[in-house]
Amino acid sequence: MLFRNRHFDDKPVALEILGLSVATAGDDPVPILNAIDVTIREGETVCLVGESGSGKSVTSLAVMGLLPKGALEVTAGRIELEGQNLLDLDASQMRELRAQRISMIFQEPMTALNPVMKVGDQIEEVLDSHTKLPAKEKKRRVVDIMQQVHLPDVERIYGSYPHQLSGGQRQRIMIAMALILEPKLLIADEPTTALDVTTQNQVLKLIAELQESHGTAVLFITHDMGVVAEIADTVYVMRNGDIVESAAVETLLRSPQKDYTRRLLEAVPSLVPRDARPESWADPVLSVDGLTKIYDTRGFFKKGRETKAAQDVKFRIKPGRTLGIVGESGSGKSTVARCVMRLIDPTEGRIRVGQTDIAKLARGELQPHRKHIQIVFQDPFRSLNPRWTVGDSLIEGPLNFGQSKAEAMKHAAELMELVGLPADALGRYPHQFSGGQRQRIAIARAIAMRPDILVADEAVSALDVSVQAQVLKLLDELQEKLGIAILFITHDLRVAAQICDEVVVMQHGRIVEHDTAENVLSQPSHAYTRALIEAAPGRHWDFAKFRELSLHQTETA
Amino acid sequence: MTFHSNGFSALTKGRSMMLAAALAASTAIVPAGTALAQDEAETITAVMHSGLRVLDPIITTAHITRNHGYMIYDVLIAVNENFEVQPQMADFEVSEDGLTYTFTLRDGLMFHDGEPVTAADAVASLKRWGERDSGGQLIFDVTASLEATDDKTVTWTLNEPFTPLLDIVAKQSAVPPFIMPARIAETSADEAITEYVGSGPFTFVEEEFEPGVSVTYEKFADYVPREEPADWMAGGKVVNVDRVVWTTMPDAQTAINALVSGEIDYLEQAQIDLLPILQASPDLTVEVRDPLGFQTMGRMNFKYPPFDDEKIRQAALMAISQENVLATLVGNPEYYSLCGAIFGCGTPLADETGSDTLKSGGDAEAARALLEEAGYDNTPVVLMQPTDVVTLTAQPVVVAQALRDAGFNVDMQAMDWQTLVTRRASQSAPADGGWNIFFTNWSVPEISSPLINPMVNGRGDDAWFGWPEDPALEELRAEFIAADGAEAQAEVAQRIQAHVLETVNYIPLGQYLTVQARSNKMVDMIQQPVPVFWQVDKTE
Amino acid sequence: MLGYVIRRILAVIPVMVIVAIFVFLLLRLTPGDPAAIIAGDSATPAQLERIRESLGLSEPLHVQFVTWVGNLAQGDLGTSIISSQPVTRLIGQRIWPTLQIGTLTILLSVLIAVPLGVLAAWRHRTWIDYAVMTFSVLGFSIPVFVIGYLFIKLFAIDLRWLPVQGYTSPSESVQGFLSRAILPCLTLATIYVALIARMTRASLLEVLGEDYVRTARAKGVKEHIVLFRHALRNAAVPIMTIIGTGFALLISGVVVTESVFNIPGIGRLTVDAILARDYPVIQAMILLTSAIYVFVNLLIDLSYTLFDPRIRY
Amino acid sequence: MAAQPQPTSAMQVVLGAIQLPRNWRLGFGPILAAIVLALIVIATASAYLYVPHNPMSMDALQRLKGPSETYWLGTDPYGRDLFSRVMVGGQVSLLIGIGAAIVSVLIGLLIGLVSGFFRLADAIIMRVMDALMAIPSILLAIALVALNGPSLWSVIFAITIPEIPRVVRLVRSVVLSAREEPYVEAAIALGSSMPKILWKHLMPNTLAPLIVQGTYICASAILTEAILSFLGAGVSTEIPTWGNIMAEGRIFFQIKPELIFWPGLMLSLCILSINLLGDTARDLLDPRLKKREA
């Protein structure tokens, strides 16, 4: 079954949002939500999907009555839970209602759980706040719900602190907490975004399972079309505080009515690998051999352990080619990138840039080799010095290598054009640009060095999907023009499929699979790779083409 | 947790009555009533002018240590109100030729450790004292022998007659020859003693001693006072209280508040400006205990310009007004008097020759003219100002202004008293850590004669700080020692006065009185320069 | 944990050695001569020199230092130059009042300041918040001796509720101790309360913006439980830290307060010793106060584990 | 969010350097504080233009007088005009505060930058700083004044030394956290030298917290000066400061509270304003500072 394809038209309405408007508080209000309508029926899963700034999270907080005081306020509309307008309730009535009739789970389970309280107590606190059960009964119910969310070794976890649990376990605790009082409505705000893809898959399944068994209505907020395809009954697409379009999930994915929805879907990278490019016979510009990085946390009088962040990593990249390193968090992919950049010192191994092994060079000796290899980071907001103009950032490297300022500036202006920004951007500061624009600037800064190799460390992960597509396209074009080799680090198989010639899959610091993108994605040889692919949400659907993936492309799945 | 308690019990008992009162007023905080009130009348809690830190009364001239000495030690002979020498521990006899002095210890003298006082103890004590005290040194310069001829008799034989011997041995200040057991008195005169056993009317409670904070004395039950009534330092030292506690309050305001609220019984030196607060209290008596008071003075450095020039010294003296100094230092004219006498007004040798300008408010014009005549080249005058001694902060400031008005270039350097006493001993040039002028105060009996006045000494490097080389002055001193009879002495003293002010050996800046304040419960306190705690009683 | 404690204590050694060298040199470079204060006004230079010699002050510096450190290692802090009393005895007499008043002040401050800070953070941007903040800035802005005098004037002289000054050991009379300790403690506490209240507020405000507070509210937990169970405990580490660093401020305050209220504690002992150049006492006192400071901060570091299970040593 | 082209100006460079949050607005308190502080600074700095008496000239017969037409606030124990002394004394107190702030910030910045970047130096520097921190600052200051004599500069020096470790720690912590920023790593990758990175990328990060810290040091230096005077280790009475006017006046607290009241009021108002402005600056410049300030 591709979609859940359930029907709820005959079910009673659980939550109805009518003409809800939210604006910033103060003398000069800025509208955030513009009279939106959303209906959720009992047992139904409604997905609010949209890019950052579309207003989807504000909607969820408005329903919970948790809009930040003094910053945002509801200006119009009604939020009716089983016919009762929540906006009419006072603070204590609202408090009574939370967890009993509506509950919520959040994006980041690490920060959403109190780090200094045992998780069992945190679940039990829900009962403390809303019921007067004897201690034994409370404990029983907590244990019961913990079992329902499939936590292993419940007794131990009951007495554990959040930091002692894995991300998936923490999110299960959150779910247990949200569902223990069997609320009518569960709001899930990007509940799987911070999780690895395999864990995400499990959590999505869990939510679906519990929803069915408890008959809960779910308002699910996400930016990920894959997740939408997996879990939604009905989808609302949001943009800039408006509902652009809403429809049953299959209808929406097959035949979107609005341009915006189409563009959004078209931007979702496909799991189908790009067409293979002709093999290159040039010498590799980067070859890594036996790269190992061990963090030794032991010390004098201190018990500790060795952490093998990367072990015996080996690959090479030829000019004009892209090698992807794919893996979940903690797989060691970023460690490899940082070692290659010599931002950290590898414990062992060789890193040959051109003909030189830079793995063991001292800082001073390293300097001349820096220009051959450049990096683009994940976070566009932190990768540019906020106090420098874009121009100053762009010429920093060339100046270090002896270019005159005028010459460097001239080149910088050309680069601006190359990455699709106006030349006058050079005089401005990073905060005047959007995330995607900043990432273009960061790329321009790297390119300004005319490097042979560009390392992109999760360079598009923080971007909205439409922007992501543009940046990927830019990288591709630059590679065409300049013949740069790209080392592309990502956790996202879809992105890897779109840009990489070869893919390396890492797990626990080791390479488990290394092959062409085509082979890795369609004929994975390692079980872990297969698990990764299988866990990718919406993997049967080709969003950009509004249809199922053709059979031969999914046969291995 | 254990609390250390020894040091504070005395304080508490002394104040428990007040505490009860305070507590009664503050029932909200602590319930009224306390079990500590029974031995109330037996303790006197006194705030002295300074904290007791040095316990050896021979090694230092500090008044607080001298006062401590009078508590626990006794002296052979002492003066009465009229500066007449009287027996105290011993009767005395002088041979016809004035060469042999015999002291006979009276009966019943006993040290606090239970041992009787012997002549040998007295001899050892006198010898140690003689090494430290300048007056004592003069006697020992002419001493043939000093020995215990038997248990009770001390015989002091001289090579030549030395009339002032008894006066010096009986002197009240600054270092009287206190009698200690011989084993203690054998300590080198340069090292402080470490055992505090005397034969005086009080014993020292060593375990309650907190240097600089609090010292406790208990009545010495076995002390046998003389029969005569107490008269200054002479006469019977009859103790009427069980304990005396001296405590220190670093802050004048605090001390006054404590006295007003009844937490202490006695304040040795009250800030004159604050007297109205004390006088307003019906439970307190404010009085001058010591009618002579203190002389405040300035001393110049004779070794370096500009004050190596007599004319410039004279110009400086001319510029200064005692009135301004004293008014600033003391305030209330009742408690200071202009006095140009180097030996102090109210003493037998008082004479004010040469002090006209000082007393008439100074003469800046004349000073300026004289300064010009002397060819003053604007050499800076390094004037040392102590910042942490209340009774010495005003003089430098006022004098600095007067000198500036007269055309001097004054470099006033502030420093704490410790730095000052160290620096004044430095014979370096003022620019290299030396000095040109500083100020200090003396208790009038300490400067009342050429024999004991430390400034009246012209022996150059061996003289007191400032080091005047003045043979004429030394001749005059010799004449004074040789002079026979009060009249002859007074005549020499008058010439010394004239000479000292002519050469500006030092500048007397007048006399001021200190005022003590006591609870009206304290009665019969002896009125004299040294605050003593015999005879005084505490009533309910 | 034990390993951590040992490592921390070992790490203290170089710090204390630097303090020792620093203090020793500082003092010996200071003009001023303890012999002069002992000898008094009428001493001659020759007498001064003899006294200096008997005190061991004419030895070369490094000899004096080695002697001092050697004695220190044997637990001998030396003998006061001025009063000829062993320094350990002086400290033994003086340390209790300071410790008692200091402890009481800290307790009092925490009891007052933490609720104030919580209140201010909870009622952020209301008059309560502004009142608490104004008070706390005021606490920083008035010299401690002025506060002391104001308290004396008000409570001891005008209202006559409490004694003006002094100290009574609690082993002798708890009432006496409390009645005399209250004003100095309040005086000292003013600045400390200001400090802790500010930090509590700031720390709590930050925590109140955290996701888990939102979670707690989303669970329908009552507001006071949100504040005290969820927020305060998470805000505790910076609050503890400020209590530790503020301890230095407390020591400075003690020096002044002991003078104002005439408490025979180590603060006055030290200031008097500095003004009298009583080297052994100054050295011992600075070493001691530094050691106490370091020790208190070690305890505070260890206390973090009580508040935050993520911190493990 | 779309990029809003904005003109670049010198002001913007400064504001860019300290990054004010958008839509910032001053409350009533900080504005009042700024006005009060400005008045105090102007009034004291120009004191010699209008004070009716030479603040140093004494008249022994006019000591401890109450307010009158000649002596607006009365006279001190030396018969000097209290009003003139308070106004002129403010000059010196502010000079001490500002001097101590600038000197300790500059020295601390230098040491902190070195410490934050060179690990070897760091170990040694931080031990020395720990040692300095462990010595109670007031005792250290008294000892330093005793060492150098109570001149104005020696008091500033004595107040400055104990403040330095705190500045060093602040700078070091900012440097250590900024060092992890991707743009610093990018600079490394771009081949920039360590000194260049230190100065151009890391140092500007310390400016905002240092401005805030500087205001606090300024306030606490003025207070410390008063306490040093109180303990008898302050500036000589020749140079009036709020601290030594109060110290001289404190024994007359009961009979003439003006001697403490007026300088105390000026000092408290001044420090209050500085602290309020410091808090405002901190909130504006870097809310995260609240954590580090400890």
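Order of writing sets the chain letters: A, B, C and D. Residues in each chain are counted from 1.
Rule of thumb we're sticking to: a residue touches a chain if its C-beta (ideal position, glycine included) is under 8 Å from a C-beta of that chain, and two chains touch if they have at least 3 such contacts.
The model shown is predicted, which means the values in this text are computed figures rather than measured ones.
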Inter-chain pair with the most contacting C-beta pairs: B-C
Cα-centroid distance, subunit B relative to subunit C, in whole angstrom: 38
CA centroid of subunit A to CA centroid of subunit C, Å: 50
Centre distance in Å when subunit C and subunit D are each reduced to the mean of their C-alpha atoms: 22
Computed distance of Cα centres, subunit D from subunit B, in Å: 45
Multi-partner residues of subunit C (at least 2 other chains): 31-32, 149, 157, 259, 275, 277
Multi-partner residues of subunit B (at least 2 other chains): 251, 253, 257, 388, 415-416, 418-419
Multi-partner residues of subunit D (each touching 2 or more other chains): 146, 149, 232-233, 250, 253-254
Chains that touch, pairwise: A-C, A-D, B-C, B-D, C-D
Interfacial residue positions of subunit B with respect to subunit D in the complex: 251-253, 256-257, 271, 273-274, 276-277, 323-328, 331, 385, 387-388, 390, 393-394, 397-398, 400-401, 412-416, 418-419
Residues of subunit C defined as touching subunit B within the complex: 31-34, 36-45, 47-48, 50-51, 53-54, 80, 82-85, 90, 92-96, 100, 149, 152, 156-157, 159-173, 175-176, 178-179, 182, 259-262, 264, 268-269, 272, 275-277
For the subunit A and subunit D complex, residues of the former touching the latter: 53, 341, 343, 363, 367-368, 370-371, 373-375, 377-379, 382-387, 389, 393, 396-397, 400-401, 424-425, 427-429, 432-434, 437, 442, 445-446, 449
Contact footprint of subunit C on subunit B as seen in their complex: 2-9, 11-12, 15-16, 18-19, 22-23, 25-26, 28-31, 34, 36, 51, 53-56, 59-62, 132, 134, 174, 188, 190-192, 194, 209-214, 247-251, 253-255, 257-258, 260-261, 263, 388, 415-419, 421-423, 425, 433, 440, 442, 454, 461-462, 464
Partner subunit D, residues of subunit C touching it in the complex: 14-16, 18-19, 22-23, 26-27, 29-32, 130, 133, 137-138, 140-146, 149, 153, 157, 199, 202-203, 205-206, 238, 241-242, 245, 248, 251-252, 255-256, 259, 270-271, 274-275, 277, 282, 285-286, 289-291, 293-294
